[in-house]
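Lettered A, B, C and D in written order, each chain numbered from 1.
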Amino acid sequence: METKVVLNPEDLRPTSRFLRPAHYASNGSNGMVQMLGNEGSQATRQPEIAAEDLRAMYDWMVRVRAFDTRMVNLQRQGRIAFFVPSTGEEAAQIGTAWALRPEDWVFPAYREQGVALFRGYPLDALICQMMGNAQDYMKGRQMPDHFGTPRIRFMAASSPVGTQIPHAVGGAWSARLRREASVSVVYFGDGATSTGDFHAGMTFAAVQQLPVVFFCKNNGWAISLPYAKQCRAEHLSDKAIGYGMPGVRVDGNDVLAVQAVASEAIEWARSGNGPVFVELITQRMGPHSTADDPTRYRPNELLEPWKQKDPLHRFRSYLEGRGLWTEADETRAWAEADARINAAIERVEPVGPPPLESIVEDVYAEVPWHLREQLDELKREG
Amino acid sequence: METKVVLNPEDLRPTSRFLRPAHYASNGSNGMVQMLGNEGSQATRQPEIAAEDLRAMYDWMVRVRAFDTRMVNLQRQGRIAFFVPSTGEEAAQIGTAWALRPEDWVFPAYREQGVALFRGYPLDALICQMMGNAQDYMKGRQMPDHFGTPRIRFMAASSPVGTQIPHAVGGAWSARLRREASVSVVYFGDGATSTGDFHAGMTFAAVQQLPVVFFCKNNGWAISLPYAKQCRAEHLSDKAIGYGMPGVRVDGNDVLAVQAVASEAIEWARSGNGPVFVELITQRMGPHSTADDPTRYRPNELLEPWKQKDPLHRFRSYLEGRGLWTEADETRAWAEADARINAAIERVEPVGPPPLESIVEDVYAEVPWHLREQLDELKREG
Amino acid sequence: MPVLTFHQAINAALREEMRRDERIMVMGEDVGHVGGVFRVTEGLQQEFGEERVVDTPLNEIGIVGAAIGMAMTGIRPCIEIQFSDFIYPAFDQIVNELAKVRYRSGGQFSAPVVVRTPYGGGVRGGHYHSQSPEAYFVHTAGLTTVIPSNPADAKGLLKSAMRSEDPVIFMEPKRLYRSMREEVPEGEHLVPLGKARIAREGSDATLLCYGAMVPICLEAASRAAESGTELEVIDLRTLWPVDIESILASVRKTGRVVVVHEAPRACGYGAELVAQIAERVIEYLQAPVVRVTGLDTPFPYTLESHYVPDAQRVLTGVQRVLKY
Amino acid sequence: MPVLTFHQAINAALREEMRRDERIMVMGEDVGHVGGVFRVTEGLQQEFGEERVVDTPLNEIGIVGAAIGMAMTGIRPCIEIQFSDFIYPAFDQIVNELAKVRYRSGGQFSAPVVVRTPYGGGVRGGHYHSQSPEAYFVHTAGLTTVIPSNPADAKGLLKSAMRSEDPVIFMEPKRLYRSMREEVPEGEHLVPLGKARIAREGSDATLLCYGAMVPICLEAASRAAESGTELEVIDLRTLWPVDIESILASVRKTGRVVVVHEAPRACGYGAELVAQIAERVIEYLQAPVVRVTGLDTPFPYTLESHYVPDAQRVLTGVQRVLKY
C-alpha cells in the first residue's frame, strides 16, 4: 500500500510556521493538509497519538455514524419529527473534538452531534432532545439537533445560520477577561461564511487577537446551493487573509490531519497568538435534513468520489495497515454502538412531554405577572 | 524636481493585468498605485488627459474645497445645523467622478459632496439640502449631507453606515438585467468595511460578477476609531481576495492615480469582467462632522505628513511644473468658486421650510387614510 | 377554474406576473434550481432562466439590499426570505432603507420590492421556523403588510403586491401551503391591497383575523353556529394600512370583538386593532375586545399546540365577549 | 447630593457598578478613548483600562453577538449602540439570540447583557438620529425594556439593569443628556425594574409616559393646573414587563387617560397600553384612551417639531378625554 504524508513534520510542532499569518496570508491557494492518503492508503509518519487512542478515535467515529443512521431511521418511523444528519462529517467532528480540552468552549451549529457525544453529552439526554420530551435539557423547546449544555461547555444551538460565530468570539473574550486558559471553538458551514455574523466574528476576533478557532466545515452545500454560487474565492480559507488571520485548509475526511491541524490551531490560540480559521473540506453525504431531497439538485456522480473518501473507511484502512484494527473489532464496535443507542431509545421513549407550566418558564429568570396570567388563561381555555 | 511614476504603463491599458484577480489575490500586500510624487513632485509619464481637462480637474478640486470650507463656516454661524466635511478627500472624489459616464450610477455615503457637484448636482439645490428647506429635492426630510437625485443618477444617501453597498450591487445587477451598459459605483469608508452590508455586497457582486466598483475611501478613521482597531489585515484591499475579486490600492491624494485606477476599474467592470475593489488611501483632515472634536483622539503630529500630501497642493505643483497653472489661475479659481457659492447661498437662504402637508407625503405613493387623519390632527393641535 | 393548493396559487401569481412584466425578477435562498424549500417557486427558473430567478448566497442583507438597489433603478424584485424567522438579519435594510427610500429622497426614488416570506406555526418548527413577526412591519412606516388566508386571495393579493409602487411585506401562512386547496381564478385575478373581506357574515360578535387564523376562526364560527351564535369573520388581508371601514362596520353591527393572531400579544397587531376600535367606536362596544393570541414567549416546540390559538381558544374568547 | 446631568448620572452608574463588579465590561463604537459620541462613558477607559472598556469595530452584530457570548460564559457586558437608529443590524442577534438564549436552552444558559442606546428626537437628527424603536423590543419576549426620564432614575435604573439576570434594553432620551440636571443620590441608589413612578398626582386625567415625554407631560400638567385641571403623570420607567398595577390604580382614579410617546403610533407601545386598559378596567373609563404620538412616517428633519409631541399636543389630547 502506498504511503504518503503531505504535512511537513515541521508543521506538527506547536507553534510551527504553518500557523504564521504571513505564511497563510501570502499564500491564499496553499495546499490542503493531509495525513491519510485517499482511499485508505497509509501515512508513513505516525501521528503522536497512542495506539489505544487511535482505536478509540475510530470507535467514536463508528458511534457517531451509528447514531446518525439510527436517528434518520427513527425519523422515518415518525418517532422523532426531524433530523439533521452528519454522515460524512465524522472525521471533522471527532478530529476537532479530540483536540479540545474540557475547559474549552464549543459553539456549535446544528450538525455537531458527534462533537457533543464525544465531549460527554449523555446519549439519553441527546435522544430526549430529539424527542423534545420532559427529560430534554432544553425542556422540549427546540427542534431536534438544537441542543447544548454547560455541563460540557457546549452551547445550546439555534437555527439562524452564523449567529453562533460572534458568540464564540465573545466566549473567547470572556475567557481572556476571566484569565481562564480556555479556547472557544465554533463550528459552521460553507454557507455561514456569507453571513454578516461571520464577518462580524472574524473582524472582532482578529482585531482583539482572541483565543478562538473557527472550524468551517465546507461540505460543499448550503441546502441546494453549491460552493461556486456561495463564494467566488477559490478557497474559503482565502477569507482569513482579509481579516489578517491565519487560514488553514485541511482534508476534513482525514481524521489524523484534522486532529493535527485542530490541535495546533487550538494550542496556537491558547498560547495567545490570536484566532485561526480552519477550513475542513468534506462533503455532506446525506440530505440537508430529513425534510430535504438532495437528488433534486446533487447529481449522484458527484457523490461517487466522496464515497471512496469516506472518513471511516480511510481511517479503518490505516488502522488495519498498522495492525490496530481487525474485522472482529469492527463487528464489536458497531454492535456496541447500536446496542447503546437502542438501550437509550428504549429508556427515554416512554418519557412524556414537558409540563404545560414549562411553556412560560425561562422567558425571564422569574415568571412575570403577564406570563402567569397567560398560563392561567391557557389552563382555563385548554 | 524629481519625477516618478509607480504605475507601469502596461497598467493603464483597459484590461491590463493589474486588474486580474490572480495578480491581486496572490499579492495581498502589493504596492499602492501612485502617479504624482509626494509633496508636489512630478510624474514623468503624462496622463492621457488633455491639458484643458487637467486644469478643469484642479478647478473642481478647488470648488469642492471652497464648498467645504464655506459650509463648515455656515454651520459655525448657525445657518445650517450640521455638516460633514470632506477636506483632504478632494482627489478621491474628483478622480473617481471624472472616470464615470453620465449613465453610471453613484451610491454615495455622506461625504461625497464633490462627486455630486461634479456630476451636476445644482449648487443651489445642494445648499437647500443643507438648509432642509422647501426647495431641497429631499423636501427637508434629512440631515445635511444626505442628498441625492436621479437627475444625475446619484442615490439619496442615508446615515446607516454601509447600507448603500448592497444597493450598488443591486444597481449593477439591474443594469445587467436591463441590458444597460452602465456601471454602479459605491463610496464608503474604512469603517464601513466592518459592516455586514459590506460583506453581503462584496459576496453578491463577486458571485454574480456584476459591473460594480467599490470605492473605499480609507481616511484612517471611523469617527475616533483608527484603522488598527477596525481591521487586522495590513490593507483593506486584502479583503478583496477572500471574495475572489481584484483589489487595488491607490494613493487617494493623487488625483491622476485615482483617475487612472478608477477609469480602468470602471471600464473593466463595464466590459463584463466583474467587480473591482479600490482602496483609496487618504486622510480625513477635518473632524468627522461639525459635531466632532478630533483633537480628543487624533494627535496633531499625525496630520503633519498629510498636510504635505494635500491633494490640491500636489496636483497644483504638478500643473505648475507643466506650465498649466499660474498664480493668477489660482486666484481666479478660488474667487470664482467662492463667488458662486456666495451667490447660491444668497439665493436660497430666504427659502422657507417645506409645508406642513409634506410631512405625510411620500411615505407611500399615495397618502393613506391614517396619515391624512394624522395630518388633520396635527393641524387641529398645532 | 383550476383547483390549486396555496403554494401553487402563489406560484401561478409569480409566473403570470413574470410573463406580463419583464422587469420582475425573483431571488432568494434555494428559490431557483430546486424551486424553494417549500417548492413555491418551482419551475420558475426553468421557464424564466437563471438571470431572472436566482439562487443567492446565504445572506439576507444582500437579498434585501440588492433588491432595493434594483428597485430604485427600474427592476421589480420579488424576493423570498426562506422563513420569516430569518428576516431579522435584513431588518436594518427593511426598516432604515426599504421603508424610507421614498420619504428620505423627497419622493425622487422608490423601492417597489415584494418580500415574500412564510410565517407561523403548525409545522413543528420550534422557535426558528414558526414565528409571526408582522407587528414589527406594521410598526414600520412606509411598508405595506399583507397576509393572505386562502389560495385565491394569495394569488390575487400577490399579483397586486407585485404591481404596487410601494414595498410590500407578503407573509405566507406556511401551514396552509399544502393543506388548503380550492378553486383559483385564472389570469387577471387581482385582489386589491387595503381591502378586508367578510369571510363569514354574522351579527353576534366579530372575529378579526388573517392568514392561518382565518380557517381557525371559520371553524370556530361553524361550531358557534351549531349552538345558535352567529359570528362574523373578517379576514383583514392587508394588515397595514388596514381597511378600517370594514372593521368599524362590523363592530357597529356586533358590538363584540375578538382579535385572533398567533404572534405574541404584547405590542402585537391585536393591540393596534383594540386601540383603533376603542378610539373610534367605543360607544358601540358591549364588551371589552378580547385578544386570543400566541403567548409572550418564544415559540415552543413540543408544546406548540398550546401556543397557537385553535378553535377552542377562539370560542373561549367569544364566550368572554358574549358573557360580559 | 451631587447635582448631575442625565449623562453624568449614567456615567456614575457605570463607574460604580464597574468598581463593584469585576465581571462588567463596556464596549461599543467610540465608547473608549473618547468616551462616546455623547461622552456618556467618558473617563471609564482611563479608570478601568482598555480591556474592560473597548472601542469596537463598526459592526453592531459583533457588539451584541460578542456580548451574548461573554454573558453566557460569566461576563456582564454593558454595551452601547451609538444611536438606537443603528440597532437594527443587530436585530437578529437581539430577537433570535439575546432574547431567547434562556428559553431555548431550558434555562441552562442566560445572557444578562445591558444594551444602552440613546433614542428619540429633539436634537435635529432627522430619520437616523431620532428614532424611538421601543415597541420592537416590547414585542420581543425575553427582553426587559427600560427608559428613564431623569438623572436620578437613570442612575438607579441602570444600576438595577446591570444587576439583572435578564437582558435589558436600556434606552436613553438623548435630548435630556445635557438639558436636565438634578440631585442624584450617591452610591447604592437602586430603582427597581418593573415599577412605575407617580411623577405628579392628580385626579382629573392620567398621562402615561416615559423618557423624554415625561418632562413634556409635566409641563402640560403644570399648564393644566393653571386652569384647575389636575393631571396625574405616571412615568412608566420599565416598559415591559410593565407595572400594570400602577397604571390600573390611576385609571380607576381618573377614568380618563392620555398615552404619550414620540414613536410612531401604529402598533406602538401606546397601543398595548390602550389594550391593557381596555381589557382590565374598561368599566372605569369615562372616555376612550387618547394616543398622542409621533406620526406614522419616518422621522422628519425640518418639520421635527411637528412630529414630536409637545405640551400643546398633550393638552389637546387631554381636552379630548375631558370633553368626551
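Points worth noting:
As a convention for this text, contacts are C-beta pairs under 8 Å (C-beta built on N, C-alpha and C of every residue); 3 or more make two chains touch, one makes a residue touch a chain.
All values derive from a computational prediction rather than experimental measurement.
Two chain pairs, A-C and A-D, are weighed by contacting C-beta pairs, with A-D ahead.
When you average the Cα atoms of each chain and compare centres, the chain farthest from chain C turns out to be B.
Chain A and chain B, compared by their mean Cα positions, are separated by 44 Å.
Rounded to a whole number, the gap between the C-alpha centres of chain C and chain D is 31 angstrom.
Averaging C-alpha coordinates per chain places the centre of chain A 37 Å away from that of chain C. Taking each chain's centre as the mean of its C-alpha atoms, chain A lies 41 Å from chain D. In chain C, 57, 59, 61-62, 85-86, 88-89, 92, 96, 100, 103-104, 127-128, 141-142, 266, 295-298 are the positions where the chain touches two or more neighbouring chains simultaneously. Within chain A, residues 141-142, 146, 158, 160, 194-197, 199-200, 203, 207, 229-231, 363, 370 each touch two or more of the remaining chains.
Per the touch definition, chain A reaches chain D in the complex via residues 105, 107, 136-139, 141-142, 146, 148-150, 155-156, 158, 160, 163, 165-178, 184, 196-197, 199-201, 203-204, 207-208, 361-365, 368-370. Listing the residues of chain A that touch chain B in their complex gives 25-29, 194-200, 203, 206-207, 209, 228-234, 238-245.
By the touch criterion given at the top, residues 85-86, 88-89, 91-92, 95-96, 99-100, 103-104, 127-128, 135-136, 138-142, 240, 263-264, 266-272, 274-275, 278-279, 282, 285, 288-291, 295-298 of chain D touch chain C in their complex. By the touch criterion given at the top, residues 23, 25, 51-52, 54, 56-57, 59, 61-62, 64-75, 77, 89, 92-93, 96-97, 100-110, 141-142, 144, 164-166, 194, 241, 244 of chain D touch chain A in their complex.
In the complex of the two chains, the chain B residues touching chain D come out as 81-82, 132-133, 140-143, 146, 158-162, 191-192, 194-197, 222-225, 229-231, 291-292, 296-297, 353-354, 356, 358-360, 363, 370-371, 374, 378, 380-382.
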